[in-house]
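We just call them A, B, C, D, E and F in the order they show up, numbering each chain from 1.
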Amino acid sequence: MDNERFERGMEMLREVDGQLGDRVVESLSDVAPDLARLMVEFAFGDVYVRPALNLRDRELVTIAALAAKGGCEPQLKVHVNGALNVGLTRDEIVETFLQIAVYAGFPAALNAVFAAKAVFAERDG
Amino acid sequence: MDNERFERGMEMLREVDGQLGDRVVESLSDVAPDLARLMVEFAFGDVYVRPALNLRDRELVTIAALAAKGGCEPQLKVHVNGALNVGLTRDEIVETFLQIAVYAGFPAALNAVFAAKAVFAERDG
Amino acid sequence: MDNERFERGMEMLREVDGQLGDRVVESLSDVAPDLARLMVEFAFGDVYVRPALNLRDRELVTIAALAAKGGCEPQLKVHVNGALNVGLTRDEIVETFLQIAVYAGFPAALNAVFAAKAVFAERDG
Amino acid sequence: MDNERFERGMEMLREVDGQLGDRVVESLSDVAPDLARLMVEFAFGDVYVRPALNLRDRELVTIAALAAKGGCEPQLKVHVNGALNVGLTRDEIVETFLQIAVYAGFPAALNAVFAAKAVFAERDG
Amino acid sequence: MDNERFERGMEMLREVDGQLGDRVVESLSDVAPDLARLMVEFAFGDVYVRPALNLRDRELVTIAALAAKGGCEPQLKVHVNGALNVGLTRDEIVETFLQIAVYAGFPAALNAVFAAKAVFAERDG
Amino acid sequence: MDNERFERGMEMLREVDGQLGDRVVESLSDVAPDLARLMVEFAFGDVYVRPALNLRDRELVTIAALAAKGGCEPQLKVHVNGALNVGLTRDEIVETFLQIAVYAGFPAALNAVFAAKAVFAERDG
């Protein structure tokens, strides 16, 4: 029965994060498999699937939150990828971090932009 | 010349925050008038006016950032109002804070929802 | 089926937080009932029930986390109550915040101690 | 022997914070007297007395740190008072928070300025 | 006389952190030897020695605080080691970070689990 | 006309940060040139030039804020350099981070001291 939530979550995780999502789950499989499972079930199986915000808006919210919090560069990279996967443009992502400068300061904005720059470069391969 | 940026900023501030924007500026007029002026010029005159994100998306980013950072309840109330003014629905605002629970924890989500609840109640008179 | 998780979560929530838990759920019932439900299901129905840490240790972890993060005084009060409910002593709670002074600074410790002081006073009637 | 550190700390605490310092110590005397003692001994008896920074610079550092961290409004008020006591001007304090807007965002600056405004008003009686 | 606090602190530091504690102290010896001394005296000589919480509980509090704060990965690694040294199991440490997901979000939990994973791998040689 | 603010800002940026300032601007030139421009215009062209605090005090405030916030090590390195450029001594910088230990905890102080240590080593070349 939780299998249903897990499967629904993995499907959503893959739609948003592509193979990076699988990689996060795998990297937890030896030390904290239950953290991976709960994250997939709750975050992706329960929350992301809700229709009240579309995926593009969820990723906009997520990259704004991670940039404002700070210290979440690995997760920010996963979600800059996710944001691009669900339809945000590079310009919108960079502009989001410019908006963050107003509310969390320039260091938060710079750290986020450099994370985005690394993701863009990787995707340009 | 900075007058132009200030005027443009005040116009934008009023479009987003309505009379609450004026109130913040006024509340700074005795102790820190230059902070008010720089905030209007930079945040609203330079950043909000940029076309790369529309106002609805900017407010979505802003309430996500303030909720994730925490400790910004007064600003969160101003921007929940702003979010409603520029077209976000109450459901979208609450759903944004539900998404925040995943990335910044339930206390951050609860504090933000209670700020929104206070704003909704005030608007309902 | 999620009813089972919800019921299990409400039972756990009541064991930890007593009637304060119900009050948080009720206070969300008009604006964000789904946030309440997801919190009960995930936090209390999925996480708190796990045997890998007992409730006393979970509350120790929770008050340490809330004190270190800062800006979570309402939640800290709920969980200082919870900590007392599941067997931590007042001395252990205060000592936890003294330990927090080392890792998050004296302001974080002071804010947490004043939250605890308010809870102790309320319980003393 | 720690009495010496405590006495030296209380003297320094009073030089910086005036009677507000005593009030913080007293407010801890029932629930967490050891936190008060360790704070006086370590923060004021060990750190503030060091000649490598003068008191004016220490308070400049302290109000900048508290404003940037956020969620420390009670401590910020004590130290805006302290800053004034050891020679910083109101203009320098407000300008410090303007500088904070660049590095921690406008909400952090606004919260700090409103704390300062309250302190200034109280001192003007 | 402070020698006594320092010696007591170094003994405690070694009991908790093993040779990693000495390494932190040594790494500060050229630029900030007084920070090392004050940390040993205050954190380990004054606080850790107090009987109100045992070492196992202090390390539980410490890893919870560091994980919730974020941006403290080097210190988190030292204290995951410390936690293991004073009797916490790997399962309890990982479960602590799962509990952190509820209160500080999944990114904080993930960063902490990956720090723990690195420590476990190093100890397994 | 904004050219004037930009030129004034670049001059100030170079006075404070030397060639590191140019390097930050250049590193943004491909992905986020407008973030660089707005940072130069606002932070350095509008704020740093204000006479209410001298450059030495501004850098003291800045390194205190960055250390207290945490997760800003790249910016902290730039501004430890800046602090040295505008007249703060190595001892004053290290002492600032010792003061930070009181208000934001030892991990924040340690991370900042290690950033300073790296900058000192690089300058000693």
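As a convention for this text, contacts are C-beta pairs under 8 Å (C-beta built on N, C-alpha and C of every residue); 3 or more make two chains touch, one makes a residue touch a chain.
Note that the structure is a prediction, hence the values are computed from the model and not measured.
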Chains contacting each of chain B and chain C, listed by label: A, D, E, F
Steps needed, at minimum, to go from chain C to chain F via contacts: 1
Cα superposition angle of chain B on its copy chain F, in degrees to the nearest 5: 180
Proportion of interface numbers common to chain D and chain F (over half same, under half different): same
Chain of greatest Cα-centre distance to chain E: B
Distance between chain centroids, defined by C-alpha means - chain A, chain D (Å): 39
Between chain A and chain F, centroid-to-centroid distance (C-alpha), Å: 30
Contacts with 2+ other chains: residues of chain E: 34, 38, 42-43, 47, 50, 66, 69-72, 75, 94, 98, 101-108
Overall pattern in which the protein chains touch one another (line/ring/star/complete/other): complete
Contact footprint of chain B on chain F as seen in their complex: 1, 34, 38, 41-42, 46-47, 50
Contact footprint of chain B on chain D as seen in their complex: 70-71, 90, 94, 97-98, 101, 105-111, 113-114, 116-117, 120
Chain A contact footprint on chain B (complex, rising order): 42-43, 47, 50, 52-53, 57-58, 60-62, 64-69, 72, 75, 91-92, 94-96, 98-104
Of all residues in chain D, those that touch chain C in their complex: 24, 27-28, 30-32, 34-35, 38-39, 43, 66, 69-72, 74-75
Residue ranges of chain E in contact with chain B within the complex: 101-108
